[in-house]
Amino acid sequence: MTELLEVKGLKIAAPQKDGSEIPIVKGVDFNVKAGEVVALIGESGSGKTTISLGSLGYTKPGLEFTGGSIKLHGNDILTMGNDDLRSLRGQKVAYLAQSAAATFNPAITIGEQVTESAVLHGVMTQEEATIRATELYHALELPDPELLGGRYPHQVSGGQLQRLMAAMALVGRPDLLVLDEPTTALDVTTQIEVLKAFKKVIQEEGSAAIYVTHDLAVVAQIADHIVVLYSGEVQEQGSVDQIINNPQHPYTKRLMAAAHAGPKPGMGDKLSGDHDKDIANVQVKDMTAGYGEIRDGKPAITVLRDINMSVKNGHVVGVIGESGCGKSTLARVIAGLLPAAQGNIILDGKTLEGSYKQRTKLELQKIQFVYQMADTALNPKQMIGEILGRPIEMFQGLTGKKKREKVAETLRMVELPVEFENRYPAELSGGQKQRVNLARSLAAEPEIMLCDEVTSALDSIVGSNVVKLLKRLRDLTGVSFMFITHDLSTVAAFADEIVVLYAGRIVEQGPVDEVLSPPFHPYTRLLISSVPEMKIGWLEETMKKREMAVGIARGVEITAVGCPFYNRCPIAIDGTCNIKTPPVHEPTPGHQISCHHSLEDILGFENAPQQVLHGFEKAAPDDAAIL
Amino acid sequence: MTESKGKSPTINSLSHTDQDMVKSGLSRGVSRRVVMGWLMAGGATVAGAGSIVASATKAVAAMAQKGGTIKFASDLHGPSDTLDPGLNTSTIDYSRGRAHYNGLVQFNDDTSVRPELAEEFSSNADNTEWTFKLRQGVTFHDGSSFTADDVMYSMGRHYGEKSTSTAKTLVSDVAEWVRVDEYTVKAKMSGPNGDLPKILATSQFKIIKDGTTDFQNPMGTGPFKLADYQPGVRSLHTRNEDYWRDGPNADSLEIFAITDKVARTSALLSGDIDLMQGLDPKAIPQIESAPGVGIWSVASGAYIGIVCMTNTSPGDNKDFVLAMKYIQRREKIVRSILKGQGTVGNDNPINAAYGPDFCSDLPIRQHDLDKAKFHLKKSGITEATIQVAEVAPGTTDVVLLMQREAQKIGLKLNINKVPNDGYWGAVWMKTPMNVTTWNMRPTANVMMNLAFAPDAPWNDSLWANERMGQLLVESRAVTDAALRHEMYCEMQTLISENSGMIIPAHRNYLDAKSDNVEGIGTMPLGSLGGYEWPEFAFRTDL
Amino acid sequence: MTDATANTEESTIYDELPDAPPKKKLELTWVGKLGVTVVVFWLIMVFVGPYIAPFHEADIMAYDSYMPIFSTTEGEGFHLLGTDYIERDIFSRILWGARTTIGIAFTATLMAYAVGVSLGIAAAVAGGWLDIGLSRANDAIISLPSIMLGLLAVNAFGSSIPTLIMTAGAIYAASVFRIARALGQDIMVMDFVEAARVRGETMQWIIFREVLPNAAMPLATDFGLRLVFVVLFISSLSFLGLGIQPPMADWGSMVRQNLEGLGYGSYAAVWPALAIATFTISINLIVDDISASSGGSLAKKMI
Amino acid sequence: MQRMVIQRIIIGFITLWVVSVLVFIGTSILPGDVAEIVLGQTATPESLAAYRAERGLDQPLYMQYLTWLGGMFTGDLGTSKAGGASISSLISGRFGNTMLLAGIVAIISVPMSVVLGLLAAMYPGTWIDRILTFGTLSLISVPEFFIATFMVLIFAVQLQWLPAIATMSPEASFWETIGSMAMPLITLIIVVAAQMIRMTRAGILNVMNSPYIEMAILKGVKRKRIILRHAFYNAIGPIVNVIALNLAYLVSGVVIVETIFAYPGLAKLMIDGVQTRDLPLVQACAMIFCGTYVILIIMADVAAILSNPRLRNPK
């Protein structure tokens, strides 16, 4: 195979006012052969995105090329004139951004945006482009492809937009695709469907690709060649097989370590000693909640229905589910940010007021909410010292020297240097900010911390470090956690109990090991199978599985009656599941599954030969095509 | 008036103003003799005057032609514009009135009067009864003919509870108006008054049609008919073809206001208007340096006054008022603020413009800081506040100058500038120190009677002096010139010495006009020759 | 977790990378710096102007009006910018005028901010009827021409400096209210505000410690523009004869009073106009510079 | 969407009412009354009393307000307390003039400003941008009356190209009328355009930071199209809003221009009304101004809604 793209000694830097430069990319070499998928791996700050953009002859504002060359078909992009560059972009090299939601122009129809570059570059006429786009919609398994073009971005889901990005990139048949973390922001089930679609079209189109990500497991599924980056330098590069199965460079090893294998029972390390104090710390009883005006116990939009769960002292309860399933809402209800429409929240046996406004100072102190985004959770105009000092002042009534000592102590607990107290959030890295975010709640000395997706915005290494920290904090302080995430692996590694939420209802809950081992609720099964494993060819195997046939490529439907999972369930029973609310089975004490099938049936299906039970095969018409 | 040496002078050897004066005089049929009188009074030799008048007559004869439109911009207008003579208060009202109506009698440039709608008028021996014989065959704009009934109605509107007339006090001494026959009316006076005709010649006493109540489109007998009338916007007047005397010169008049003085001046300079009323003295150089336009300045008895109310502090302290009179820099005001378009005032409303009634032997009070200091010390007053509105061009500056002088004698004089609107109602005669301005009145007696009679409603400083009132009434009946002059001198001395009114300067009526318009008078009772221009002004560029 | 030991020993080598190249501090271009210089100059004049002025603002010379620049009069001295319509030294009056014009405008704007911001933020934080009520009243004020409101106020209370400040302050408080309210609403939805609430912070803590500090920068830039508007507004009032009390010099009325001069080549009106322009333009330059450094960088990447 | 518009309209009416009360209070606290001002220096107690009786000023103020309010609903604007002419007759002509002036200025300045604004945004940092930015900046920084007077001195007094004042005579032909309006037109266009150009530019550059613009660049889209298609459509909301405010200003805020060019428009009429304490007149004008403002703002909102797919057709 001939070299399609040759990157030699590429240097990119941020020039400063005083003439000096901050180097971002420090001399990078790698090649992309025609039809080959090259993955750039590294944490944020490693310069992987900057490099990938370089292959379109583009740098983010404030950066510029300072050396090296990027040759496409042998001619150097960095020396191209504007016209050549313009025809290069979108026509020869196409870019897929991380967040499609932000990258689609809200004021222009999807159709126009998808076909725009192809038409502008005169590759094809509007008509041809539109036809081509529709084909791609089909290939990408997007719902009603014929109408899609006329829609506006806000009218389709995030997963669909992500796939539409692919269509937009592919429409002009580019030689090289640049995919910048295209699946990072997605739920596991969505991610896998998008991955599948990408892989399929890339193969069909035979176009080469640069795939930028920090997730090795994903890379294992899609890449041929891997380039490992750290702070703008190549640490190691080689074939997927070589990097995944026998990494050489210590940094690569470290990445591998941080990337978790799929969720298995028994991988979580339990609380030191037995669960002696197994008394409920926080209990949720028959709770229904939602948004909008509440009429006779029913909110205008119901988000959570009949929730019953509890967090025992010193336990970590992982709440898992796809975005929109109501897991954050659950935490907000407990924190009193969203008063429940029905049911009670009980703290240490005492029923709490619905709204934090009526709760006592002590109650407020005991329950602490940790926000997902440190950037919005920390006041950019307050110094860390002030941010941490305030809760200490309010809840422990400490001031002056005592307060500062406590702040220092808290910082030490979250493994941050004491000097940070005089810094502003903007001067910290993402992981550090998240630690401060945790520290603020910690400083209140709570009984329970409600952590809302605290790791999902972080790179794998940083994320795993934060999880480690949380463990240590639990052992140290005995505080209980409600850990909300869509990442099953993290929960498996960290939680004592798991609560599986689907469409606002709990479909399964119980001790980690029970939940992660059969019998599974069909949805739990889907989740588990969807977590990418660091195994080449895993994607293909998984896609063969029954639950995948119907589980993916279908939107969540919030229903009041029947089983919420009905429309995605491979073993759903028409006339029952969609009408009756499923009963609760308790295979082992504390482990609850709500399903119309008996436990035996469910187990049966686990081992049964792969066969689709009823008419869902059309759901994924061409699974075969992937293989 | 200077005349150039060498060859015999022509009209052109006169100053701009004088040229216009002579020409317009002649054009309005003033006799050669009278005009030569003016010239020689101005220092011209008989021969010089003769040749000037000759050339002027030629010029006028060459120019006096009919037709064209004259655009006149006044300084103030608004929704309150009115064609109701009784409510006339502003130049724009007076000018429109002059174009639309006639009076019984009419002013000459020297403020003497001549018959207008009244063919002739006469009084009995002791001036207690006046008879007006009305002109026959005069018609209103709607064709109906003018009779005694119209006069009775017009005069009636100045009497009684319901009357909104702003001039009712001027004719309050007319006990009764009598309709003798269709073309004769009598005014029976409550006391002797030789000046009634002059009073009736003022704007408020124009003759309107019997029974008129709607003044949006009233009927008059005047030289122009109303073609368009939008209060606060403009009015258009077109020639009244069946006017009772040789009609107006212009075909039509457009009358409106440009309230911004700079804009008004610019409009004249750019030729958008032909006549403008109220030229800011500051702008004189601008006008005089520009081609095709000139100022029209008429010396008059109008004055700017600084009022110290005598019924309250500080005005009730004679020494304070005197101090204020002594710190006035009268020449400076005339030179710097009025830019020469005025005459030094002597804290006395009457000046040379009033002719024989002016007491010229009264010495002008000089700027004297020592005297001022002395009197101020005596009064013991160290601080005072004066309310100022720009009631006449330069008023504020006069007070600013006064403030600086006051400082020199150790008086802290605070200035409080208030808006013009509402000034007369809310500030004037209601605050201890304020400013005022008066137009010239037809006679010295009327002037003093309005503003200095002990019981006069507009006695600015509420200065009540018995002797003054006595003299005012007596002097009306006196016919012996010497005695009359003596009495007037006494009155003027009284005012100058004792009243709370400080009159640092008399202002000219300072307006400007395009050279293409002539026939503007010099009657000193109001702007542009006492608003007499509409009928006589004519274009020279037809 | 595979070998926990491995990564503890590496962690020293590969510590966390900063997210992005460090944000550079706000730095003005030479244009902006020029603006700052001029504004600072005038601000200094506000304080020292009257003391370094050769004449008192009310001094009326005994020589002549509308004298050209660089003219000297015996016994009185040198008139750098000539004299005005009643023979006052323009240079001195401009120096004095700085105090009046800028002083008043500044105080008025400060007032507008005190009122507008506190009400605006309050409306945003409290919401409900307070918000509705304030917003309607605000609409009413904004919907009326400011000149007319000024006229009403001056007619009612006389054109004293306090009146002017109050009037301008009140009128512009309305527009400040709008901005402050919008900003406040944006910040109120931020997590850190919610966090503060759940912590049980008082309303005033939330307003003064959480919301205001984050609204400060945009408000600061707006303050500049607002200040310019107020200067122009007061000048316009002076134009309509409702401005500062004579003999106090304020640039607006100085322009106004000397306009006639322009007609025959006296620049008496130009100097104060220039004073206004230099001051207002400079402020705008600074504001532009600040907002430029915060936006539009992508635009330069267009090809 | 209909709901939003209806909501706005209701709010509009509330605003109108609040304004009428404000103005009423405002005018009632002014010193002096119509009679004193109209009769001026030569007023006497009797003539004042007579005048007040004649114009119905002897009623208590709140009664005058109520009668006015009543009249408002029956479409009767009442009669001027000062001149005695009917308000509608006073206003009708002026309203026409104001609308004519505002209309022409709008027709010329709005497209011009938007185009220039887009141009500046399209080539940021280039000479054309700098010229436009600095030029407009200077224009919005000097007092309006100074610009106007300068124009008069140059074009009317010195060059004598254009009339110094804009008198509106019914007998004038359309083109004569336009000719006589030239000066106020030019002045206002300059003043208003400066504002709108700046705002358009700012509005565009504001959205220029969004990721979808970067995407467009990475798709190799040309400058022109990026600005016109990608940026402009998302900036319409704020731009239209600024335009609306400027148009409202053209109707109500041009006192100074009307004064300098003696242009018989509404703003000046209202000032006269205030100065003569002519309550019904002031009220009528205020209603017109506030009404225009409300209508324009509603229109702006609707435009913004229409330009934004999210609001136009929600999920």
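The letters A, B, C and D name the chains in turn, as written, and every chain counts its residues from 1.
Keep in mind that, in the parts below, a residue touches a chain if its C-beta (ideal position, glycine included) is under 8 Å from a C-beta of that chain, and two chains touch if they have at least 3 such contacts.
Treat the numbers as computed from the prediction; the structure is a model and nothing was measured.
K.L.:
Tell me, which chains sit next to both subunit C and subunit D?
P.N.:
A, B
K.L.:
Across the interfaces A-C and B-D, which one involves more C-beta pairs in contact?
P.N.:
Looking at A-C and B-D side by side, B-D shows more C-beta contacts.
K.L.:
Quick one: subunit A and subunit B, Cα centre-to-centre, how many Å?
P.N.:
The computed centroid separation for subunit A versus subunit B comes out at 91 Å.
K.L.:
How many angstrom lie between the centres of subunit B and subunit C, each centre taken as the mean Cα position?
P.N.:
49
K.L.:
Please work out the Cα centroid separation of subunit B and subunit D, and write it as a whole number of Å.
P.N.:
Spacing between the chain centres: roughly 41 Å.
K.L.:
Give the residues of subunit D that touch two or more other chains, as numbers and ranges in rising order.
P.N.:
30-31, 149, 153, 157, 214, 217, 259, 275, in rising order.
K.L.:
If you look at subunit A, which of its residues touch at least two other chains?
P.N.:
If we look for residues of subunit A contacting two or more partner chains, we find 58, 85-86.
K.L.:
Two-or-more-chain contact residues of subunit B, please, as numbers and ranges.
P.N.:
262, 266, 269, 419, 421-422
K.L.:
Could you run through all the chain pairs that touch each other?
P.N.:
A-C, A-D, B-C, B-D, C-D
K.L.:
Mind pulling up the subunit C residues that touch subunit A in the complex?
P.N.:
By the definition above, subunit C touches subunit A via 1-3, 6-7, 10, 13-14, 16-24, 27, 190-192, 194-195, 197-201, 209-210, 213-214, 216, 297-298, 300-301, 303.
K.L.:
Which residues of subunit D touch subunit A in their complex?
P.N.:
It is residues 210-212, 214-222, 225, 229-230, 233-234, 307-310, 313, 315 of subunit D that touch subunit A.
K.L.:
Would you mind writing out the residues of subunit C in touch with subunit B in their complex?
P.N.:
Of all residues in subunit C, those touching subunit B are 58-60, 62, 65-66, 85-87, 154-155, 158-160, 241-242, 245-247, 259-261, 263-264.
K.L.:
Mind pulling up the subunit D residues that touch subunit B in the complex?
P.N.:
30-47, 49-51, 53-54, 80, 82-85, 90, 93-94, 149, 152-153, 156-157, 160, 163-165, 167-171, 259-262, 264, 269, 272-273, 275-278, 281
K.L.:
Can you check the complex and tell me which residues of subunit B touch subunit D?
P.N.:
Residues in contact with subunit D: 73, 78-82, 87, 89, 161-169, 215-216, 228, 230-234, 236, 254, 256-260, 262-264, 266-267, 269-273, 419, 421-422, 424-426, 428, 436, 457-458.
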